[in-house]
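Letters A, B and C mark the chains in the order given here, with residues in each chain numbered from 1 onward.
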Amino acid sequence: MKIKGDSDQPLIQESMEVPIRKKSKISGSSVTGWLFASPWVIGLILFYAFPLFSSIYFSFTTYSILSPGEFVGLGNYQQLMSDGLFWKSIYNTVYFAVFFVPLSIIIGVALAMMLNMRVKGMAVYRTIFFLPTLVPHVALAVLWMWLLNPGFGLVNGVLDAIGITGPNWLGSVTWSKPSLILMSLWAIGQPVIIYLAGLGDIPQELYEAADVDGASWLQKTFKVTLPLLTPVIFFNLVMGAIGAFQQFTLPYTMTQGQGTPDNSLTFYVMYLYDNAFKYFKMGYASAMAWILFIVIMLLTAIIFRSSKRWVHYQGK
Amino acid sequence: MSNSIFHKSMVGFCLAIVLVLAACSSDEESGGDTGGENTVQFWHSMTDTSGEAVEYVIEAFEEANPDINIEATYVANQGEGQNEKLLTAIAGGNPPDVAYFDRFEVAAWAAQGSLEPLTEMAEEDGISQDNYYDFAWEEVSYEGDLYGIPTTTDSRLLFYNKDHFEEVGLDPENPPATIEELEEAAEKLTIKDGNRFERIGFIPWFGQGWFYGWGWSFGGDFYDIETGEVTADDPKNVEALEWITEFGQEYGVEDIAGFTDSQGSGAMDPFVSGQISMKIDGNFGVAALEKFAPDLNYGVSPIPTPTGDNFKTWSGGWSVVIPKGANNQEGAWEFLKFFGSEEGQRIFSETSRDFSVIESVNESLGYDEDPIFSEFINILPESNSRPVMTEGSLYWNALADAVEASTRGNGTPKENLEKVTQQVTEALGE
Amino acid sequence: MQPKAKKNLLRISAHFGLLIASAFFLVPFLWMVSTSLKPVTQIFTYPPDFIPNPFQWSNYMEATEYIPFFTYLSNTTIITVFSTIGVIISCPLVAYSFAKLEWKGRNTMFIITIAVMMIPMQVTMIPLFLLFNKIGWVGTPLPLIVPAFFGVPFSIFLMRQFFMGLPNTLRDAAKIDGASEFRIYWQIMLPLAKPAVLAIGLFQFMNVWTDFIGPLLYLTDESQYTLSLGLQQFQSQKGTEWGLMMAVSTMMTLPIIILFFFMQRTFIQGITFSGIK
């Protein structure tokens, strides 16, 4: 128990400093803040404002890219509510997000901690874990169809060897989404790098202090490493959710835009894309985009709200 | 110490930007305005032998028209209907003068007013339907106007592995002609090990076995161009889908699905590796076979029908169009005309091995004497084009969905096809 | 004696675990390399062969002739390097203001920053294109480079998280010494966040290096094309040149692997605050 007090101490001290600091320099620093942020503020106005506002407007029209269309008010939104494939794509997308996001965080953190050990040849290991992210999607899609082939695929071959009859992965409505989650977890390199950078940011003193107190590996992990990693876990959670809801390239490439089998891999943005660029219904697609926006926004708001309870910033 | 290196490199970066910005802005000046007086900008998505072939066409054209200069640019086009680049260019008012264009999309784009009508110019120059296969001409026409000149075409047939036929005692020179014979052959050719296929005889929806082919083969139809009526649920179409569904159930849809993941893109073709004995594919599949399995002993024959006669197929293909707002329309038309002429067609087809849209050209190139190609050529006069309508892509996807849903027991074939009719009719009415 | 034996055991089991996991993660890459070396008739054999027979090294030569590889390589390099520089300059600066400075409107701006990532690019792509078209940048690499200098929301958010994680003690001490805010940022905070700066640089590099849709829309002259556009040229209606395509893919990954291999070292050293002052 002594350990807990000691390793937590720096954190507590920091957090006690906050109110004092805040009071001391509130005056006149707004200008500096805006100045620092100015490139991005200008960038937002130049490169984001017009496209975003246009797409809101389009969502109320029958804009088709090639012709401006006419104003239909909430017509697109109403029509979406009775569009069967729209709801199916929502189900698929939520399914994917619910399983993928937590799994990617657990596996990502575990991998990063493994890759942060001090053993010889770590540079090579780290590079290896990063490699799948670099393989182009076209190639990745074909490779997975091979690995998951029910007849000669490596995955079912391995399962066979231990006496399990593997499913028809990508051919089955039940297993197609789990297969995709498995594939996506493979390209986990980017979050892992972020966790690694986060681990690198943890002050060595904290571990030294914990060592002095004779803390075990498990105690250090849960009392030092994980709490101090929460800012980047938070980042990966938010970005993971945004990314999962916008899942597009891999399933689109793999099913050639068809979302087979039986639309079980038709994800939200895939359907949005088809509407925008195949059926000339950019207005409809824009309405879909803004519904998606509201959903992700609500979700992010919940994550942000909860973050006050579990994200620890050293700086606060 | 390392911090000062870090800082120095950051400052270095800043300097570098200034340099590149300067460099880029000068780029802009040289790149902004293209070409001289009579330059025709031409966007296409052809690589490989087709890319070579189009170069020859351009060469011949420039020789015949020394005052016109064709500036060809390769623009990636990822498969069907993914034409973002041309779309944005037209929307931005800065399109090329000529674009190589999937005929399947012509009606939809024409309805959006994004292609230049060519009717008058064609009439003046005496270019008419008589020059081309009927289906090819119909596909570049929309509501009485002409919007493109067809350039290539294809057709779909049954491919079968002759060695497999011999192995199971079927006559390799006498492939199935009726649906019944097809079923029998498929059964004989299939080798199942437990619930896994070592080899499967046939999968109706594999490769180019899209529903259009089956509907027509069963005697159905999809669209009445006169009345604008969508007939996905034509009783003959329902029959076709019922047969597909039964076939799927007999072999186990999920067990089959492992083979069909690749969508017949040639990415992982089980016909090449000898895991499927018969498939529906287009003449473009021949090139892939020659490349990946040059020793494969196979033949082609028309897609079986219930009666064993009245064979049907369908054809797609490409065209050249003038996008709305093109600068040099006169030059563009000259190029279109040349590409679609017998001379242009012969040059192109000879190198690309894509079929010409002109029957006499295909004959003069000897396609009708090649044992494989002749089968494809012979059926062309009987071929259909997919319905020429503004919702062609939606219709296509909806039919694919209906096949998927039916084979997986998600609604009966009749229900699913009725849904397609309703969905497409609604979209057309909007 | 005992602790040492225990440590050895730990080390061996660590290697063992890492090796098994590595095998799993190596498969796609090895498969790509192996395909890049296969003769065309071996690509679709059943069951698949993982080892090319014979090794067709000529695929690499052929691939660089099939597309103007070196032109595309230098185009890709220019675009990637400059947009990476842009992100490295702008994002930490903006992120610092979100993390450590107090200013009116900060939270609103931060929410907007996150929010703009939630709209799929598929619907903003066209208006953005029209915008660049209007100012005459279509046909130049500028739309692919310049916006990076104004910040990328993903990287700003990531940098902000890192700055938030840095303690305020150093900053407060410097403040008392009368250092300007920019000096504190430049000389104290930025060096501390070096691993994160390198990480956002790497991500930007990767994204731009492999970006397809941006170059497709904005580059109009084949002499300006990038490698990812080149990759598409191996696919045609008559099938894909898998061997050649994988050869180019393999060559495309090499710079990133090398870059990563050298920069991952910075993740190893934890920060020691005592050494900085």
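Definition applied: a contact is a pair of C-beta atoms (placed from the backbone, for glycine too) under 8 Å apart; a residue touches a chain by one contact, two chains touch by 3 or more.
Note that the coordinates shown come from a computational prediction; the quantities given were computed from them, not determined experimentally.
*Asks:* On the document's contact criterion, could you list the chains that touch subunit A and likewise touch subunit B?
*Replies:* Chains touching both subunit A and subunit B: C.
*Asks:* Select, from A-C and B-C, the pair of chains that is joined by more C-beta pairs in contact.
*Replies:* Counting C-beta pairs in contact for A-C and B-C gives the edge to A-C.
*Asks:* From the centre of subunit A, which chain's CA centre is farthest?
*Replies:* Ranked by distance of C-alpha centres from subunit A, the top chain is B.
*Asks:* Between subunit B and subunit C, what is the separation of their C-alpha centroids in Å?
*Replies:* A distance of 35 Å separates the two centres.
*Asks:* Let me have the rounded angstrom distance from the C-alpha centre of subunit A over to the C-alpha centre of subunit C, please.
*Replies:* About 16 Å, centre to centre.
*Asks:* Multi-chain contacts in subunit B: which residues touch at least two other chains?
*Replies:* Residues 84, 87-88, 91, 267-268, 275 of subunit B each touch two or more of the other chains.
*Asks:* What residues in subunit C touch two or more of the other chains?
*Replies:* Subunit C, residues with two or more chain partners: 46, 125-126, 149, 235.
*Asks:* Hey, what residues on subunit A touch two or more of the other chains?
*Replies:* Those would be 65, 142, 146, 277.
*Asks:* Considering the complex alone, what residue numbers of subunit C touch subunit A?
*Replies:* 11, 14-15, 17-18, 21-22, 25-29, 31-32, 35, 46-48, 90, 93-94, 96-106, 109, 112-120, 122-128, 131, 147, 149-151, 154, 156-158, 161-169, 172, 175, 181, 185, 193, 195-196, 198-199, 202-203, 206, 210, 231, 235, 242, 245-246, 249, 252-253, 256-257, 260-261, 264-274
*Asks:* Mind pulling up the subunit B residues that touch subunit C in the complex?
*Replies:* Within the complex, subunit B contacts subunit C at residues 3, 6-7, 10, 13-14, 16-17, 20-21, 24-25, 27-28, 31-32, 46-50, 73-76, 78, 84-85, 87-88, 91-94, 266-270, 272-275, 284, 287-288, 291-294.
*Asks:* Show which residues of subunit B lie in contact with subunit A when the two form their complex.
*Replies:* Subunit B reaches subunit A through residues 79-84, 87-88, 90-91, 108-109, 112-114, 195-198, 254-263, 265, 267-268, 275, 391, 393-394, 397, 400-401, 404-405, 408, 410, 427, 430.
*Asks:* Going by the contact rule at the top, pick out the subunit A residues touching subunit B in the complex.
*Replies:* Residue positions touching the partner: 62, 64-67, 141-142, 145-146, 149-151, 165, 168-173, 254-258, 260-263, 274, 277-280.
*Asks:* For subunit A, which residues count as touching subunit C in their complex?
*Replies:* 10, 14, 17, 21-22, 25-26, 29-37, 39-44, 46-48, 50-52, 54-55, 58, 65, 111, 114-119, 122-123, 125-136, 138-140, 142-143, 146-147, 152, 154, 186, 190, 193-194, 196-205, 207, 228, 231-232, 234-235, 238-239, 242, 245-246, 248, 269, 272-273, 276-277, 282, 285-286, 289-290, 292-293, 296-297, 300, 313-316
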